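Pasting the structures here.
You will see two complexes here that share chain A, one where it goes with chain B and one where it goes with chain C.
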Partner chain A sequence: MSVAAPSVEARSQGVSVAGIPLLATLTVLLFALHIAVGAKPLPLSTVWEAITARDQTIFDHMIIWDLRLPRALIALTVGAALSVAGALMQGVTRNPLADPGILGLMAGASFAVVITTYLFGPSASGWLPWIASAGALATALVVYVIAHMAPGGATPLTLTLSGAAISAFLAAIISIAHLLSEDTFDNLRVWLTGSLAGRDLAMLQITGPWIALALGAGLILARQVTALTMGEDVAKGLGIRTGALKIQLLLVVVVLTACAVALAGPMGFVGLVIPHVARLFVGADYRWIVPYAALIGAAYLLGIDIVARIAIPPREISTGIITAMIGAPFFIQLVRMRAK
Partner chain B sequence: MSASGYAGPHVVLRWANERVALRLPVRGIAAIVVLSVLLFGVLALSLTIGSYDIDVATLWATLTGNTVSTAIDNVVWQFRFPRALTAALVGAMMALSGGAMQNVTRNGLADPSLIGISQGAALAVVAAIIAFPGIDYSLRPVIAFGGALIVAVGVQMLSLQRSGNNTIRFILIGIGVAAFISSITSALMTYGDIHRAMSALSWLAGSINAATWNDVNVLSLWFIVLFPLILALSRTMSVLRMGEVTAVALGAPVRLARYGLICVGVGFAAAATAIVGPLGFIGLIAPHMARRLARSGIGIHTVLTALSGALLVSVADLAGRAAFAPIQLPAGLITSIIGVPIFLVLLQRSAAKQHL
Partner chain C sequence: MARGTHVRSTHATNAITTQHRLRSQALVSGYGEQPVLRDVSIDIEDGKLTILVGANGSGKSTLLKNLARILTPGSGVALLDGKDIHKTPTREIARKLGLLPQGPIAPEGLTVRELVAQGRFPHQGLMRQWTREDAKAVDKAMSRALVTEFADRPVDSLSGGQRQRCWIAMVLAQETDILLLDEPTTFLDLKVQVDLMELLAELAHEDGRTLVVVLHELSLAAAYADHLVMMKDGRIAHAGTPDEIFTAPHLKEVFDLDAHIMRDTESGQLLCVPYGAQLWRKRATRAA
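For the complex of A and B:
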């Protein structure tokens, strides 16, 4: 990856390194703001106080610890996980339109959760991430095989079309399961629009370690992803075992997507938009795209969730609806720019 | 209706000393007859099957005006008959809409529910229901038409480019537009009064449950106006199939026909969507099914498309109502489940031969 002259490399790396603390600061600020804003606005000083010196008897501290902090943490985690998943997918499929939602992984994860709930009743939440992972993995493979079989192979166009079709198919079956079992419907209806409301920390405790593990693996593999984006032959020439790498990346993407879905339901287009934004700052080097995507994604979803909560008080819009509203025009513009 | 290029046996009808002659492909006519018989069979079946089973003799008596019992009269005339007719009409209209869109875009994958046209109609209606709760029912199709037309023109404009039209690009942009519009509809439903939103929600699943004679009247009116238009435009349509340049060279009014077809296609989709909600994939499947049944001239193809769509939705509605009785599944869900595999099969061929 050291094609550029050393000086250019060093300078651009300097810029990239400088961006990380800036973005981290932004994320922390949004995190604090996310906790402060709401039906009962709290001053930032109270937020700080509550986190550093928790006092069980103060009502504001209870609000923060029981309601706002879990939600902020989940927004942060889901944003980072989906963005990194999207970035890795875009790299490995060399497809600017790749996104866990567009390629059907989210539909697969939701489908697996809904169907197992329908067939076996609400399963122990410890199993949820794994059920979601199995669904996402199976769907990813099916979408890829279908696109691969189309004449011309797995191009961005065929991948997107087969992803959309499979998503529509699974969505129809999910709706039928809802109609057949009202209980499942009530439990999962809000979850399925991609909502951060009313989550507690239990699921985050289950999925957190796995998300951290997958994010770490993504950072380690990022270097090889950069080589892979230059083409399979180049990557092989650089001594990368592309088959093994692709399987590892697929697993990382599936775990990230499934854990994000288990936490917050399907949250569309986050994984599409954020990696492109990251690329604006750091170019094509995945060693930087992955950490940038994680930070920008976390900040983005925190910001979106703030908007979702305060846009039309006293109600709130599902966060997934807003991400789709922003992401879909972005998708259209990408198609307009990229397709021949 | 130049049928000379198509293979297969023909019957030539001649009148008035061969001054009037009509060349009819046997296979096309046979397909029309078979589909019509099947459609009647499904209609009859859907009148008899249900939570209150009625045997054929009783049904016949009821339909011919003899009251066997008021309950049966009620079930047949007030519930099942309008529902069956609505299903058939909506199916035919979605199918014709899909056929028109596929011809205009020269793209075998164009489907009004895939590229956002149905969603545009749905958004317009949901917005109208939430903003003006007391809105007149018969105005719904007009509102839907406005929303759908804006989306159709918007998708066309977004996918226009200097180097001609890339058909799959058009679909992708349509998918993006559909996602965008759906998210706005969802947001409106969150914002709107929950009671009204729930009634909009059942409608959005493509359900024919609550069809009334009023629906049948509205749909028939739109069908009667639009069907002759699509037949009149079909001559130009068949030339358009050979490509825009050829069509212009042959002297066809291409621009007029394109805009006309878009309006007619959008009109069909909008009216159907306004009454039963978005109904997925019928516009995609029916034209292909018609083409498979008989390779014929465009006129017969149009009729076959309408019949295929009517048959498909009638069967879907019947299946959705009978499969898990007493729970009724919206026909839109059944059509999606049938439609997606067919879409994927079509996708396997489309890249090689972009105009199916």
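For the complex of A and C:
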């Protein structure tokens, strides 16, 4: 009863707070492991040495700084960005199946990149995130309008269907462009499967600040997202300007998705799976779901990318293929649970 | 005559000049030739339980939503403390006026305490996060709505009546003087409806809050309302105490319902007993 003084909120929040450093530690460990593992395994001590006391003359340090560190940083960033984007989308649409991939944002971002590359040749990389953002935003709006026009309005089902339809449509156009101009696509082919291979830090330097900004905004808006999941009128009654909130959230999601796509191509299902994992630990309050999703997502993609690199040596699998192989069955399971 | 406690207080205060913090003037809502609200002016009595009744589509929910600034009127104005509610910062309104919409659904897995804690939103800001005062308000609201024992259970695991109490606790945690509730008793068992109405009447009569409640169940409305408002076709058809306006001709006019109004000799409550052709036939066979 209420007499029990140390409120349970304090205790359960204590658990949620305690999880953050644990997850952060796990992420750091996977980050180090990610750098150590590869065609030439490096001891963790070398990794540490290379990062703390860089010596340009040591070959291992060059491997770490030029190849592995960028890749690990990108895996971490993309994992966090997509997971937070997915969590916010699931909250704002009250749709457990929402994800930047499923609702068409990734297809839109990829489409914009592919078409501009096809029409104008490879863009300067500084433009890439903006082209991707424009594509993602336009697609998000089209998907929403189509779902909204369907009988019953923008329900989880109509949003998912319209997202799938638009994704398929855009994928078809990408294929046509592919057939028409194979040269253009030699560069983009691997990227389109969602890959972390061969990336350098240039793109991360461009997108990094935007991702950081969007993650920060996501954390700040998270509390209002919880209220929004209780219903539009409830949120309004609590003094939340729901229209403005939705626009802010849409922009956050578009920036996160587009930057992730610019960094690593369309990496499917990360944004779907991770928020549900976060919920297993912290329940339904987005104040905790968002930071948990960011950390778990970062750790997840680092882990997946380790597998992608060592599963079938000496070749490697596109990371996006593995996230899809894990994510698709998860998606089906979610649908089955909902259907009951 | 012996009257229930809630209704008795009505008579005592009828003589006192009442204040009206929440009012509407000439509200018109909805579009085109058939607006949902046509020229509704209402003064909500402070510290009283006002109940809005009316047939489906009569505009009672629309009126409530306009008073709660959820809907923006086409013309006319809703006023809270003399200020246009649609031109006042929404968070400022949320510190004075709480709203429980119809049939709210809690997200899966949200615990009762988390739900109730959302009621503190208008009192918090970027700089001002969760405080002891917030925790206290949440505890108080839960104990007032009798949901403390479920505090750490997910809302979706509770029964309909318990869930509705949790939502009321959330609105209570908002610590507003005015509460608007849209059909809080719909789809609940009769006993649970009565318990909820008892709670709402307490909130008005013991805490001195102002409540405006949209209700479907006519006999409950007549039993608990201090002030009853009957709506028809987007207008207020009748308004007053149940004793004044809960009459058979009014029910016929407003609901097109044939009914007798009786007074229960034990409680003194007004009852609405509907009748129709089949009921008359049954009566005839019984008599025969």
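What we mean here is this: the second predicted complex is superposed on the first by the 332 of 340 C-alpha atoms of A that agree within 3 Å, B and C clash if a C-alpha of one lies under 4 Å from a C-alpha of the other, contacts with A are read in each partner's own complex, and residues count from 1 in each chain.
In this text, a residue touches a chain if its C-beta (ideal position, glycine included) is under 8 Å from a C-beta of that chain, and two chains touch if they have at least 3 such contacts.
As the structure is a prediction and not an experimental result, all values here were calculated from the model.
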| item | value |
| --- | --- |
| Joint occupancy of chain A by chain B and chain C, clash or fit | fit |
| First (chain B), second (chain C), both or neither touched by A:R223 | second |
| Touching partner for A:R68 - first (chain B), second (chain C), both, neither | neither |
| Dominant contact partner of chain A by residue count, chain C or chain B | B |
| Touched partner set for A:I176, first chain B, second chain C, both or neither | first |
| Angle, in degrees and to the nearest 10, that opens at chain A between the C-alpha centres of chain B and chain C | 90 |
| Which of chain B and chain C A:I312 touches, first, second, both or neither | first |
| Contacts of A:H34 with chain B and chain C, given as first, second, both or neither | neither |
| Partner chain in contact with A:P151 - chain B first, chain C second, else both or neither | first |
| Which superposed partner A:A324 touches (first chain B, second chain C, both, neither) | first |
| Minimum C-alpha spacing, chains overlaid - chain B and chain C, in Å | 20 |
| On chain A, the residue positions that both chain B and chain C contact, one per complex | none |
| Residues of chain B defined as touching chain A within the complex | 109, 114, 158-159, 161, 166, 168-169, 171-173, 175-177, 179-180, 182-184, 186-187, 190-191, 205, 280-281, 324, 327-330, 332-333, 336-337, 340-341, 343-344, 347-352 |
| Chain C residues touching chain A - in the complex, by the definition given at the top | 65, 68-70, 89-95, 98-101, 104-111, 113-115, 117-119, 121-122, 124, 126, 135, 138-139, 142-143, 148-149, 151-152, 154, 171, 174 |
| Sites on chain A touched by chain B in the complex | 97, 146, 149-152, 155, 157-158, 160-162, 164-166, 168-169, 171-173, 175-176, 179-180, 193, 268-269, 312, 315-318, 321-322, 324-325, 327-329, 331-332, 335-336, 339-340 |
| Complex contacts: residues of chain A adjacent to chain C | 1-2, 7-10, 12, 94, 96, 220, 223-224, 226-227, 229-231, 233-234, 236-241, 279, 283-285 |
